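Heads up, the next two complexes both have chain A, just with different partners, chain B and then chain C.
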Partner chain A sequence: MQNDKNKILQVKDLKTYFFTENGIVKAVDGVNFEVYQGETLGLVGESGCGKSITAFSIMRLLDYPGKTVGGQILFKSEDLLVKNEKQMRQIRGKDISMIFQEPMTSLNPVLTIGFQITEALEVHFKMEKTKARKRAIELLERVGIPIPEQRIYEYPHQLSGGMRQRAMIAMALSCDPVLLIADEPTTSLDVTIQAQILELMKLLLEQFSSSMIMITHDLGVIAEIADRIAVMYAGKIVEYADTRSIFYSPLHPYTFGLLTSIPRLDMDIEKLESIPGIVPDPLHFPEGCKFHPRCVFATEKCRKEEPPLAEIKKNHSVRCWHIEKVEQEAKKISFTGRLTTDG
Partner chain B sequence: MDNTLVSIKKLIKYFPIKKGVFKKTIGWVKAVDDISFDIYAGETLGLVGESGCGKSTTAMTVLRLEEPTSGDILFQGKNLAKIKKSQMRKYRKDLQIIFQDPYSSLDPRMKVKHIISEGLAAHNLYNSKQRNQKVGELLDKVGIVPDYMDRFPHEFSGGQRQRIGIARALALNPKLVICDEAVSALDVSIRSQIINLFKDLQKEFNLTYLFIAHDLSVIKYISDRVAVMYLGKIVEIAPKSIFFNKTLHPYAQALVSAVPVPNPDFKKKRIILQGDVPSPANPPKGCRFHPRCSKVMDICSKEKPPLREIEKNHFVACHLY
Partner chain C sequence: MNRIIRKLFSNTTSLIGLILLFIFVIIAIFAPYIAPPLFASDPYQIPRMSWDVQPQPPGFPISDDIRLIYDSLGQPIIRETAIFGTAQGGYDIFYGLIWGTRTAFRIGIITVTLSMFIGVVGGSIAAYFGGWIDELLMRITDIFLSIPFLVAAMVLTTILGRGLDKVMIALVAFGWMGYARVIRGSILCVKEEVYINAARALGVKDFNIIVRHLLPNTIFPVMVQASMNIGSMVITAAALSFLGVGAPLGYADWGQMVSFARNWIVGSPGNAGEYWYAVFFPAIFIVLFVLAWNLVGDTLRDILDPRLRGEL
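The block that comes next holds the complex of A and B.
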């Protein structure tokens, strides 16, 4: 499935820096990944690791003081970074669309739901108003909003959080995008509503045969929806592999640490492990490997030299000097749930 | 059991909905509507539910930071709901709370040592030198270098601030600590540090926790017993092992099944609830969950199911059982 032909997005050595008064923040610092036709790539990491900035860089939605200073973003073999604003506007919402975390702040509060969906259709497809409205109703129905004929005349505040996120998804899918970027789409929702939205997204991705970049900090959500995963830490990808490899045989100490430090519903855990220390300040990232101050495997080499993201096995890349040690540790632990009950 | 520390009986908290020039009350938000439960000394009771279910209002009312509309709050036999506010003061030492947001729950203009020792000062405990020593000990316990006591909250990260909040709560040697979504705002790698800290401190200081969270995985790890709330009502309470092996209430079942599990091959049958949570100002008649329940029967829309003991220590409010 993964060949160059169905590669729809390739991010090459992306560098996005923020030029602040206190210094340069290297929010995204040399990120490489690909997205293939029909797959979901998960970008996982904690706050400040650069996962959202990566998304905004792809969409070219960065504001001052943020600036993409290097790299390439190849979409359908064209570099998005050299396009001007007018060309980007034709791509945004049509070929690549985005779902944001906060449906309340990312929808326009003074425009009706219907207007916000038909707007894209009218702009990108020059669709007539009545036709666009029909399509909007159809889309709202597909995302599971009851009585869509009435809902299109309502404003965002009249909808509940879950309904707003559904409306947002309808909007993102309105122009049949090739690539969907979802930035923490379920984080602000309640668990049962999150389950509704995740099921809906899985179904719609199949129906629209779109690809997706799913950005989240929630390892449970990512296990459920992603085909492949890139784990980010301090502006860099530290591990990049298919979902099963990440969850069953992690090779980077950070991934390993994350997996052993989350409480789980599918296991009875006696004592949680934890990653010592704190998430580093982006203004003062450590020298050498960015993770070394928190890493139990760290040696002198880690403090001085930054390891490259190297392909260790087929389709499994890791940025670490001590992969063998991590692999040995990981073998001692079962990452699969012991309980396999049906619901 | 006789080791009951807190006993909540028929607790009700309604908030008035006011409208017009004269602020006439036109309705009530039934945030907490007739709940009863016990908290045993030394245990962690996990209270779980979705936003708006009344779990935080329960916490605030138990501490009398909100006045209960009616009901009893028995703390070591004393009814906190019936005493005067001025009398409440001497019980505040024993009842502490840790909030969700480590950014807004610490006064930005106070030094850490004053934040932590404020309670000690208010209760006239120790002189200022002894207080500082106590602050140092507390900071050490929660994993912060005691030399940092002269710093301000903004100099700390989110996880460290939560540690400061914990130190503040522990300063007065409380008996009950209410943790209201105390780890929800933290990053994954920091969250487990704080959860483990809670566990260690519980052992060391013999604390009792009412641990409020929306994340069932966290609840499963930390609690001894689990209570599930829905629209102002408790729908199920049971010891953890019973709850997770034999969840009975249809809402609790849906809640458990909705939690994403970090295991790509974990296949489970997910119960997808239809619709949204109704407004607590106008909750459905009968069982509050009946409009969204897949096992709804005739009786459910007519009669409120009482919370009954189905088997030993396992309480469920559902007409099915």
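The block that comes next holds the complex of A and C.
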């Protein structure tokens, strides 16, 4: 499955900086990853690690003071970064579409659901109104919204959170995109609704044979839906591997920390582990490995030299000097429970 | 929208305003029947009832000189008396006010629509694109704002020459800045909403994002301001006419009617209120017209202000 031919998106050394009054914030600093046909890539990390900025960079939706200053974003072997605004507009919504975090705020309150779904169809396919409306009804039906012929005339406030997110998904899928970027699509929903939405997305991705980049901080969500995972920390990818490897044998202390801080049903743990410290100030990243102030394995070397993202095993890259220690530690705890109970 | 209309009709103040407006609309529409013009081709020319320099009181009959002219032209005399009296120069006040209602609506609606259009276009472009475009457009706005409105309008009208269209140009040229600022503020706020990014992520054009997504969310404060400004535009136009840079002589315009009364505000010694009708009738029309728009505008603001929502 993973050969260059069906590589849909390749992000090469992406650098997105914010030029603020206090200095340059390197929100995304040299990120590399690929997305293949039909697969889901999980982009995981804490708030402020640059995962949403990566998504916005791919869509080229960043506003001043944010700017992509380097790298390449190859979509179907064409670099999105050299395209002009008009060319980008033709790609947005048609080839690459996006689902946002808050279904409450990602639908325009003064426009009907139907209008918002048909808009993309009219923009990209010059579809006429009646035809577009038909398609909108069909899409709403596919995302499991009851009585869609009536719903298209309703406004967002008349729908529940789950329904709104379904409508968002219908909007994003309306033009049959090759790649779907989902920015924490389930974060603000109830847990039961979350599961429904994830099921739905999984099903639809298969039906539409689209690829997806799923951005989340929720490892439970990612375990359920992603084929491969890139863990981001402070604007860089620290671990990049398939889902199984990340969950069974994490090699970066940050990934390890994230996994141990998930509540477990299968084990009797009194106190939940947490990663000490906070995400570093993006204006003053620590020298050396950016994770060292919070890392239990940190040594003198970590403080001085930043480790490269090295491919340790086949398709498993890690940015750490102390992989062996993490591996040993990870072996002591089985993460399988998490995968089987939740995933 | 239904909610707004319902509130407008259920609220006493706005109801008074709406009724007043309704009366003015009726007057404007039926002007040819209420005060039939002498020449259908030029209905805005106020007919004279006499050649008197002094105003004449209500009920003043048409003078013999004028009667002769009508006869020689073969025109029937429609109004035997001037119901509200005549202004300086024998101009029929009643006729001037009735046809002046049309002028008032025209001035108010055209100037406000045009200046709102300019303001909204400028303000939304500035807010949406930001950066140097915003900087440039808003500094231009600031420059226009720094010139006193009435003085600027007067100077421009003087340069352009006499005439109602010139007055309107001057009013539009110096009346759009408020709208630009209001719309810019609202758009800056709404622009950050996720749904705007979502629309951009769907590949919607900038123009459509502004028109279809941003403006429906931001236009209401501007419309409130506009409805209140219709009144003040009419006042300013009247002021310009009063100062003598407005409508041409004899043109049916409330400002002109007031300006006719300028020398007769105080009557003869011992009888200060001698020419009261020359001031009173034009003034009451202007006051009621402006009041009507302000009442409606006020209620609109109350309805649309989320902080006051539910208190009405």
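The working rule: the second predicted complex is superposed on the first by the 333 of 343 C-alpha atoms of A that agree within 3 Å, B and C clash if a C-alpha of one lies under 4 Å from a C-alpha of the other, contacts with A are read in each partner's own complex, and residues count from 1 in each chain.
Convention: a residue touches a chain if its C-beta (ideal position, glycine included) is under 8 Å from a C-beta of that chain, and two chains touch if they have at least 3 such contacts.
Please read these numbers as outputs of a predicted model, since none were measured by experiment.
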{"item": "Simultaneous placement of chain C and chain B on chain A, clash or fit", "value": "fit"}
{"item": "Partner chain in contact with A:Ile91 - chain B first, chain C second, else both or neither", "value": "second"}
{"item": "Once both complexes are placed on the shared chain, angle at chain A toward chain B and chain C, C-alpha, multiple of 10 degrees", "value": "80"}
{"item": "Partner chain(s) touched by A:Phe247 [first = chain B, second = chain C, both, neither]", "value": "first"}
{"item": "Partner chain in contact with A:Leu259 - chain B first, chain C second, else both or neither", "value": "first"}
{"item": "Partner chain in contact with A:Val221 - chain B first, chain C second, else both or neither", "value": "first"}
{"item": "Winner by number of chain A residues touched, once chain B and chain C are compared", "value": "B"}
{"item": "Touched partner set for A:Gln101, first chain B, second chain C, both or neither", "value": "second"}
{"item": "Closest Cα approach, chain C to chain B, once both complexes are overlaid on chain A (Å)", "value": "6"}
{"item": "Touching residues (chain side chain A, partner chain B) in the complex", "value": "46-47, 160, 162-163, 190-196, 198-199, 217-224, 243-244, 247, 257-259, 261-266, 269, 271-276, 278-279, 294, 335-337, 340-343"}
{"item": "Chain A residues within the chain C interface of the complex", "value": "59, 61, 63-64, 89-94, 97-98, 100-102, 105-111, 116, 119-120, 123-124, 168, 171"}
{"item": "Residues of chain B defined as touching chain A within the complex", "value": "50-51, 157, 159-160, 187-193, 195-196, 214-218, 220-222, 244, 253-266, 268-273, 276-277"}
{"item": "Complex interface listing, chain C residues touching chain A", "value": "130-131, 193-205, 208, 212-213, 216-217"}
